[in-house]
C-alpha cells in the first residue's frame, strides 16, 4: 500500500511542487523567462541579482565553455531594482502560487537594506543577499562573503528591515565557508544558498593571444563544480540548522539526490539549463522520482542525509 | 555551445558603403536562419546571421552601426576573428510556392535560405526592400538565381517608392503562396504580421533580433513575452503560431541591462 | 630558411627536451615509474611528496572520477625521505640528464629544513616544497600556503639550508594566491609551482549513503581545474619574476600553449595521465609543435605571453 | 575510470571455509585477467580478479586474509557493495593447445579464461595447485568443463604431494603446448618462469599482483622495475617477453607506502 510519489516540499513556510530552484542569474531576467522555466518543471524562481541602479554588465564575450563547465563574467547586468521587481510582480500576477526569491547585490549594508525595503514592497516571497559575486571584483573588491564582520553587519541590518525571510548566498572562494555559514545564521539569516561561482577562472585564445572573456576572468559553474558544492553544503549543513539551497553543477536526478543527501533542502539548477536544455528540470525531477521509487520512498523528505561531520566516528 | 573558433577573415566584400560581407573558410554547417557570435576579443561580441554557407566557407553580412561594427570595418582580410555557433533555430524549409520578404541588412540570411529552398526544388519569389540604396543588398546575388525578384526603397531609387511590405501585399493578393519567410526590421515585420493576418491559413516564419549576451540560453536577456522562449535557442526564427502570441513584438525589447525599451 | 622545431628549454639552469613536467604525486613513486614517463615524452620528473617518516596514506577509495576531473585523497602516502630519495638516485643513475624535482612535505619550517638537507645529499636537481596539500587537513590543518608568515618562515629557512634551487608549490584554495606568490619570491624561492589540487570536493554514493572517498573529501584535479590554474599562473606571473611551473588540467597541446601564454615556464601534466593514457606526454608535445609550426615559431620561447595585468589599459 | 556501480550482492558461494565467490547481477563486460576495485565505502577498497563473467552476472573469488576480506565475509546476499572497473590488461586468448597453471586463490581468474578459450575451440589442460585443500578451489567447475584437469596440494590431499609447478613440468615435457597461462602466488610464478626458460619458443602470460591504490595508472604504486609499467594499466597480465625483463619479479614488491618489501 504505497502512496503516490511526490516531489513537493516546503521551504520557509511556502509550498513548492519541486525542490528545484532556478538560481540567480539564470533566465531570471524577465517575467516570461521565469514562466518558461516553471512550465518546464522548476519549482522556485530566483531573480537575477538586482542593484539599485541598472547595469549593462561587461561587454562580450561574457561566457566561455570548457570541458566540464562554463565561465561567465556577466558583470551583474540587470535593469535595476525597480524594473527588476516589476518583472517579478508581473510573474507573480501570472503564477501567484510559485515562490520567488528576489536576489539583490550591493556593497554596503546600507544599500542592501535599501534594496530590501524595495523587495519587501514587492510580491517577492524571499530575499536573497548575493554576498558572493566573483565577476565584479575589479570594481568592488573581494566578495563580501569572505568577511565574517561584513556578513554579520549586512545580514543583521537587513533582518531589521525585512519582513520576508532572508537567504544569504555564499561564495566557495573562501578558506572558511562553513564558518561564514555559521556567522550568517548567527546574524539572523533564515536560509543559505551556496555555492556561487568558483574561482574565478580564465581561458586563453592562443591565436589572438588574449583571454577569451572580456573581463579576462569569470566565475566557474557547471558539472565540474559539483564536488566543491557538495562539500560546501555538507560542511555547512553539519554546523547550521537553517535550510540550505544547494547549488552548483547539478545536472541529473542523481546529482540532485547527492545534494539533498549532503544536507540541502532545495537544489539549484543553473548551468545545466545550457548543457541539458530547458528540459533539464523535468529530467531531473524524473530522476529524483525514480530514485524515490527504487528505494520505496514516496517523498523527498525520506531521502536520508549523510551523518553530520561531528556525528562521525 | 559549440567550440570557439579563431580564424582569419578570408575575404571581405563591400556590398554598400555601410554593409560588408565577411567570409571565413570554415565548414560551419549552419542551417538557414542561424547566427554566430563574432568577436575580436577586444571590442565586444555580437550576433550575426549567416548569409552564405557552403562546405568550405560561410559569410556574415554586417551593417556598420555602432562601436562594434565600426571596429569590424577596420579589419582586413587576413585579420583574425573569433566566433562561436552556429546558434539558434532555423527556417523550416517548408513550402513549395514561397514568398521571401526581406528588409535592409536583415535580408542576407534569406539568401542562404533561398538557395536551400531552390536546392529542394521549391518555387521562390523574393522581395527585398530598404530605406535607401545603401541599405539594399544582395540584389545581384538574388538576380543570379533566376527567380522572381523585386527590389524597392522608401526613397524610390528603382522607380517606385515604398516598402517590401507594399510589394508583398500585391504579390500575396495575386499569387497562391503556401509559405512566407520574413527577415527585416521589427516594425516592418509588424506590418507583415498585420498583412498576413488576412491570410489565416498561410504559414509563415519570422527571423527576430533581440539583445543577446550569452547566446546559449542562460542569461535570459533575449526572452520574448509572454512565452518566455529564448530568441537565442528557441529563436531567432519563430513560426507564425508563436509570433501570433507575442505581446512584446513590435512594442518593446529589452536592452543590455534587461530594461524594456519601446519601439518608436 | 626555417630552423627545426624544438621543444627544448632551460629551467633554472638545467636543460630539458620538453617543457612538460610530471607533477608530484603522479607516477613519481618509483624509479622505474619515472623512467616510463620520460620514455613517453615527459621532460622533467617531480617525485611524490616525501615526508620524514613513511606514510601509507588513507585507505581506499582514494580516487573518484566525475565529469571533468578527478578527486583524490591519497593522503601523502610515500616511503619516507630516505627510501624516496633512493628511488630518485636509482632513476638518476639510469637517466642522469633528466632533471628531477624532489617534492617534500612537512608542517614546520624545521622539518622542511631537515628534509631539504636529505634532498641536498641526493642526486635531485631541485627541491619542491609542498605547501599546499588539501588531503591531510584533518591531520595537519589548513594548507601552509594560506599564510604569508608560514610561507616566509619555511622558504627562508630552507633557502639557508639548500644549495639546490627551491620551488614553492602553492594552493589555489586561498583568497590571495598572487600575494602568496610574491611572498614566496620575497622569501627567496627560486621558482613557483601552481596549482595543487582544488577544493577539496566531495562525491556521494546515493545508494550506500556515504561519501565515495574514504577521507570523505579529496582534492580536485583534471581538465575542470584548467581555468583556475591559468588564472592563478597569470596573476602570479604578473607580479613575480621567478619562473612558474603551471600545473592543473593540462591535457592537450593547446592547453599547454594556453599555460605558457599565461606566464608558465614549464607545464605540469598530472591527471591527464589517467584520462589520456601514458601517451599523453607525446601527444601534448606534438600539439605544441604543431602550434609552433602554424605560427612559424621554432622554439617555445617564441610563444607570446599575455600582457601582464598592470600593463593592461 | 569506468563509472562506479553500487549494487546488491546477488549470491555468495562458499568455496572453502576461507574462500568465497561473490556474484553480482551486472553486465561487466570484463575480459579474462581483468580486475575490479571493490569496496563497501567503509573498510577500504581492494582489487579482485574476475573469476566468472557472463552477460547477466559476474563473480569474484576472494580469500579471507586480513581486515578488508574479513569484513567482506560478514556480508550477505542483498548487502550493497560498490565497485569500479573492470581494469587492466587481459589474457591474449592466443594458442590452440594450452596449459593453464594456477595456484590457490589466484586460480579462479583462469576459470573465466578457460571458458573463453574453450569457446574459441582451443584444447586446454588445467593444473590447479594449493597448499591445502582449503586453498584449492573451482575443482568441480573445471571438472564440469570436460577437459584434462589435474589438482594437487603440498599436503598431498589427493594422493600425491607437490605443487602445480611439479605437474606443469611433467605436462610440458610430455606435450606440445603452444601457450601457457599462469596465475598464482609470486614465488610459484617465479618457479614457473624458471621452468619455462627451458622452453625458449613457448609463449606465456602471467597474472601479477601488486599493491594497488588508484588502479587508474596515476599513483605509481604498482609499477614494475625496471620497465616502470603499471600493473593496473599495462598489467595485471604481462606477456613472457615482459616478464623476462622484470628484475623485481620474485624479489620484492612495494607496500602501501611505496616501500620495497622483499619476498622471503
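Going in written order, the chains are labelled A, B, C and D, and every chain counts its residues from 1.
Throughout what follows, a contact is a pair of C-beta atoms (placed from the backbone, for glycine too) under 8 Å apart; a residue touches a chain by one contact, two chains touch by 3 or more.
Fair warning: this is a prediction, and the values are worked out from it, not measured in the lab.
Asks: In this assembly, which chains make contact with chain A and also with chain C?
Replies: Where chain A and chain C might share a partner, there is none at all.
Asks: Measuring centre to centre with CA averages, how many angstrom lie between chain A and chain B?
Replies: 36
Asks: Could you tell me the distance, in whole angstrom, between the mean C-alpha positions of chain B and chain C?
Replies: Averaging C-alpha atoms per chain gives centres 50 Å apart.
Asks: Express in whole angstrom the distance between the two chain centres, defined as the mean CA positions of chain B and chain D.
Replies: 66
Asks: What parts of chain C, by residue number, touch at least two of the other chains?
Replies: In chain C, the residues touching two or more other chains are 210-211.
Asks: Scan chain D for residues touching two or more other chains and write them down.
Replies: none
Asks: Chains as vertices, touching pairs as edges: which of line, ring, star, complete or other describes this one?
Replies: Looks like a simple chain-to-chain line, open at both ends.
Asks: Pull out all the chain pairs that touch, please.
Replies: Those chain pairs which touch are A-B, A-C, C-D.
Asks: Please name which positions on chain D make contact with chain C in the complex.
Replies: 1, 3-4, 6-7, 37, 39-46, 80, 82, 84, 213-221, 223-230, 233, 254-260
Asks: Which of the residues in chain C come into contact with chain D in the complex?
Replies: Against chain D, the touching part of chain C is residues 25-37, 39, 48, 54-57, 59-65, 70, 72, 74, 77-80, 83-84, 94, 205, 207-208, 210-212, 214, 270-271, 273-274, 277-278.
Asks: Quick one: in the complex, what on chain A touches chain C?
Replies: 66-69, 71, 142, 146, 173-175, 198-204, 206, 209-211, 217-218, 220, 223-228, 230-231, 234, 251, 254, 257-258, 261-262, 291, 304, 306
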